[in-house]
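Heads up, there are several structures right after this.
Two complexes come next, and they have one chain in common, subunit A, joined by subunit B in the first and subunit C in the second.
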Partner chain A sequence: MGESILHTVTIICIVFISISIIILLYRVLKGPTNPDRAVALDTIGVNLMALCGLLAILLVTTKLNDVILLIGILLFIGTIAIAKFLEKGVIIDRNRN
Partner chain B sequence: MKTNDLILRTTTALIAFILLAFSIYLFLAGHNAPGGGFIGGLMTAAAIILMYMTYGLDTMNKVIPLNFKLLVPIGLLIATLTGVGSFVFDQPFLSQTYTYVHLPILGDAELATAMLFDLGVYLTVIGITLTIILSIADDN
Partner chain C sequence: MIYAVFAPLVMTLLIPFFNKWKDKIHTGWFLLPIPLFIFLYFVQFIGEGFSPVAESYQWIPSLNISIDFYLDGLSLLFVLLISGIGTLVLLYSIYYLHKSERLGHFYIYLFIFMSSMLGVVLSDNVYVLYTFWEFTSISSFLLIGFWHYRERSRYGALKSMLITVFGGLSLFAGIVTLTYITGTTSIQEMINQKDIIIDSPLFPLILIFIILGAFTKSAQFPFHIWLPDAMEAPTPVSAYLHSATMVKAGIFLIARFSPILAGEPMFFIIVSLFGIITLCWGSYMAVRQTDLKGILAFSTISQLGMIMAMLGFGTKAAIFAAVFHILNHATFKGSLFMIAGIVDHETGSRDIRKLGGLMTFMPISATLALFGVFSMAGFPLPFLNGFYSKEMFFEASLHLDGYGGQFIPFFQQAIPYLAVFGSIFTFVYSMYFFFGTFRGEAKMGELPKKPHEAPIGMLISPFILVLGVILIGLFPNLVNGTFIAHSAEAIYGSAVEKDIYFWHGLTYPPLIMSIIVVVLGTLLALTRQKWAGIYTIFPRNLSFNEVYNYIVDKTETASTKITNKYMTGSLRHYVLYILIAILVVSGVVFFLTNGFAIDTSGLSTLKLSDVPDILVGLTMAIAAIGTIFTNNRLSAIIILGVVGYGLAILFVIYRAPDLALTQLIVETVTVAIFLLCFYHLPDLKKIKEKPSITLTNSIISIGFGALMTIIAISAHSSKWFEPISNYFLETSKPLGGGYNVVNVILVDMRGLDTLFEITVLGIAALAIYGMIKLRRDKEAK
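After this line comes the complex of A and B, so read on.
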């Protein structure tokens, strides 16, 4: 009984997070400015982390835990690179002082 | 124009250590769990690139005075030598072996020579990734 409830709740959460990703995809395609798209892509990544965790619950495995941390790290670095490009036009600059 | 990026600098100082620790964990976990030399090297390169993005090229060249092109031949040499080393023990090329040892702090551990080959992959991946990205960033 308990496992059945967990399974059902996990499936419902996966469906809702998928709907959230689809709505965010609309913002990526439609967003009037580039910062809108950057923030939407960042949020899609956070939703992907949640999806990964729910999938790990569904498959009863711990091997996906590294993937969640990995997505978070790559998301952070990618968002900082996009933000620096939008701000200054260069990602790795020569001298910061 | 001088920009005030105190938040980025402080966050990078904290996160770069977590990234380097995670990359070393991935490198050492590769024998029994997901991970290995390739993804560990990519994570180390990501940590170093994050520091390059935050602190700039001149500062980081002073902090890490190392030509990353040098890591590629060193890594390939380590990987080849682990293969050649098996000739010493009258075994075919690239034979791997393992043994159980008792380490002082960590206790009983299984040490495999496949980890030395992985170390070569690790260094080569770091060298190639950083060489590609820094030579793109370095043009004037």
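After this line comes the complex of A and C, so read on.
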């Protein structure tokens, strides 16, 4: 019984998170400015982490934990890169010395 | 015999050494003995009791190709012509070509030609024959273009090359077909298997191929156009190649294959019809020429047509006459070319309108020309050999009693009239040639040089040839029994006994025809100025030169146009071609072979837990479509990122954590690289294109996507083998020592692939480094 409730709840969560990804996609596509899109992409990433966690529960596996951590790191790096690009126009500064 | 054939070829290696002393001694003197020895060697075969001689040498035994030489009467006639006239031409060229010319080149080309011509007439193996045949084309090309700094020479050389090589390739097709049917490469064996060849359904094809090869080489209508342009060659070449030897190679070919091909109505009609047309057309056109060599070129065409027609008649008398005329034509035409060369050499002009009255300046040349010309015209005198063969030609044209004669009665009856018509014009241009050059008023003012008699050395060769004309004229039976009869026998297949008489009686029809020719010819020759206007009416622009130029021009411009049409330089178009090709070819093949098998039995059913898959897939699809329609490059990159991350999550859902990890990193790096070079990328603009182009592009891309989808579904629907994956799952731990099956496959089971993918990455990194660091152009500074 407990198993079944967990299962159902997990699936419901997955569905909701998927729906939120689709809504976020609307912002990415429409997003009047590029920062809007960047933030939306960042949020999609966070949703993906959650999705991976839920899937790990659903599939009863620990193998996906690496993926969750990796998404976290990459998301941070990616968002920083886009942010820096939007601000300065370049990602890697030249050494002026 | 092999030494005789290859001696000139070997000699070409030594010519450059002789050429070093050319300031002291003319190179030709060193070479003169070679053809003379060959001639003397072959002379010893002449005799009443001649029987064929065969020799064989290994060349390519695995392909059944050996260098077989077969000397029968026909080959003997030709080798004597080639070596004999070769000697005379060599002697003539010593006086004709100045030491300042590139003598080494000239004699090398000439000797290659001599070797290959001997090879053509002596070969019994069809492939060896073909090899030598092409050698004659190539050396003729080189000789015509000897004065390569002249535009006309290059044009003539190219034209003769294109036409004769076209015919050569056709001949090759013919002999390949023959070999295929008979299973042998020897001509004599093919003759033995005549019945098999004639009964074969491929027989008409063989006939056409071989006749095409012979017609192009022997300048038969309508392939005669290269011969007049080949007159740009030095005169010894014209005398040797384009009157006595090479142009007779086609005649030789027809004669050689006569035992196989003759006897068929098709052979009779094609060969004799085109021969007669060539005879008439050549003699008609010769009267129009103003250049001495031009007249002789068309005269050669016409005489070759006459020989070809006689070979086509195929009766005993006709073949005897044809062989006889081959010999006669070589003697008088060779001497006439040499005299034309002398006139050119001593007056500086070959234009008959500027020449005239040279008899007083050049009495010996004029006398020699007189004999040559009247022999060519077939004037009825007992010391001119041309008359005998012309008379026999008339006789043969009247008695087409053999096969095929009843095939087209009208054509058969027309032949004698056409023969007389051609002969009348032959008479006219012969008279025009002689009287225009040597009689009439001398036009000293128009000539570049003051005319005088040629040096004695130059006159020897035409003198010997004219001596031949007279000797054969006086004692025709001297050559008859000894080798003309043997030649005719080789062509006809059985013994041909025929004596040559000058006088057959007054009511002998050919004599009457000859008299008609002389009378009408004289009348026409005297009134030539009055009717010469006919040439402005016919042929005017209807000559086949126009056709040739049109074809060559059009081929070039059309292929340029076509190439420019599709090689646009635009990558977009090339990708379009590739996609269309894949779409059409694989689509049609799949459709025809019923490859689109769709089977639903292997599919899993849709459950509630599949909802995330669908939603992620939907997200990816929307993002992918969004990429196409976005105007902003940055947003395109970010939206593409969504597709990449979506793929990663699909990997997660389908339980591929390693793939998901890799995909995430790669996607991030890709997005970062896009951003890195963002500034250097052009703005993404909407290019306004015609709706038709947009429509085509969409149709192709949608079609291609649909095709790939269907192929994927079909592939999934038809699984015929157990997958190998179970083996990996079972053996990953015991064999590879790891639980991570993917990684065990990557580094243990299929380690080699991984190695080279690492190499690919390494090369890519080095290439990027190289591209950035090494800039050779101005940008680097």
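We adopt the following convention: the second predicted complex is superposed on the first by the 94 of 97 C-alpha atoms of A that agree within 3 Å, B and C clash if a C-alpha of one lies under 4 Å from a C-alpha of the other, contacts with A are read in each partner's own complex, and residues count from 1 in each chain.
As a convention for this text, contacts are C-beta pairs under 8 Å (C-beta built on N, C-alpha and C of every residue); 3 or more make two chains touch, one makes a residue touch a chain.
All values derive from a computational prediction rather than experimental measurement.
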First, second, both or neither for A:92, with subunit B first and subunit C second: both
Contacts of A:23 with subunit B and subunit C, given as first, second, both or neither: neither
Which partner, subunit B or subunit C, touches more subunit A residues: C
Touched partner set for A:14, first subunit B, second subunit C, both or neither: second
Which superposed partner A:66 touches (first subunit B, second subunit C, both, neither): both
Partner chain in contact with A:6 - subunit B first, subunit C second, else both or neither: neither
First, second, both or neither for A:76, with subunit B first and subunit C second: first
Touching partner for A:34 - first (subunit B), second (subunit C), both, neither: second
Touching both subunit C and subunit B, counted on subunit A across the two superposed complexes: 63, 66-67, 70, 74, 77, 81, 91-92
Complex contact set, residues of subunit B against subunit A: 3, 5, 8, 15, 19, 22, 26, 29, 33-35, 39, 43, 46, 49-50, 52-59, 133-134, 137
Subunit A residues touching subunit B - in the complex, by the definition given at the top: 63, 66-67, 69-70, 73-74, 76-77, 80-81, 84, 87-88, 91-97
Subunit C-facing residues of subunit A, complex: 11, 14-15, 18-19, 21-22, 25, 28-29, 31, 34, 37-38, 41, 44-45, 48, 51-52, 55, 58-59, 61, 63-64, 66-67, 70-71, 74, 77-78, 81-82, 85, 89-92
Touch list for subunit C against partner subunit A, complex: 608-609, 611-612, 615-616, 618-619, 622-623, 626, 630, 632, 634-635, 638-639, 641-642, 645, 648-649, 652-653, 655, 657, 660-661, 664-665, 668, 671-672, 675-676, 678-679
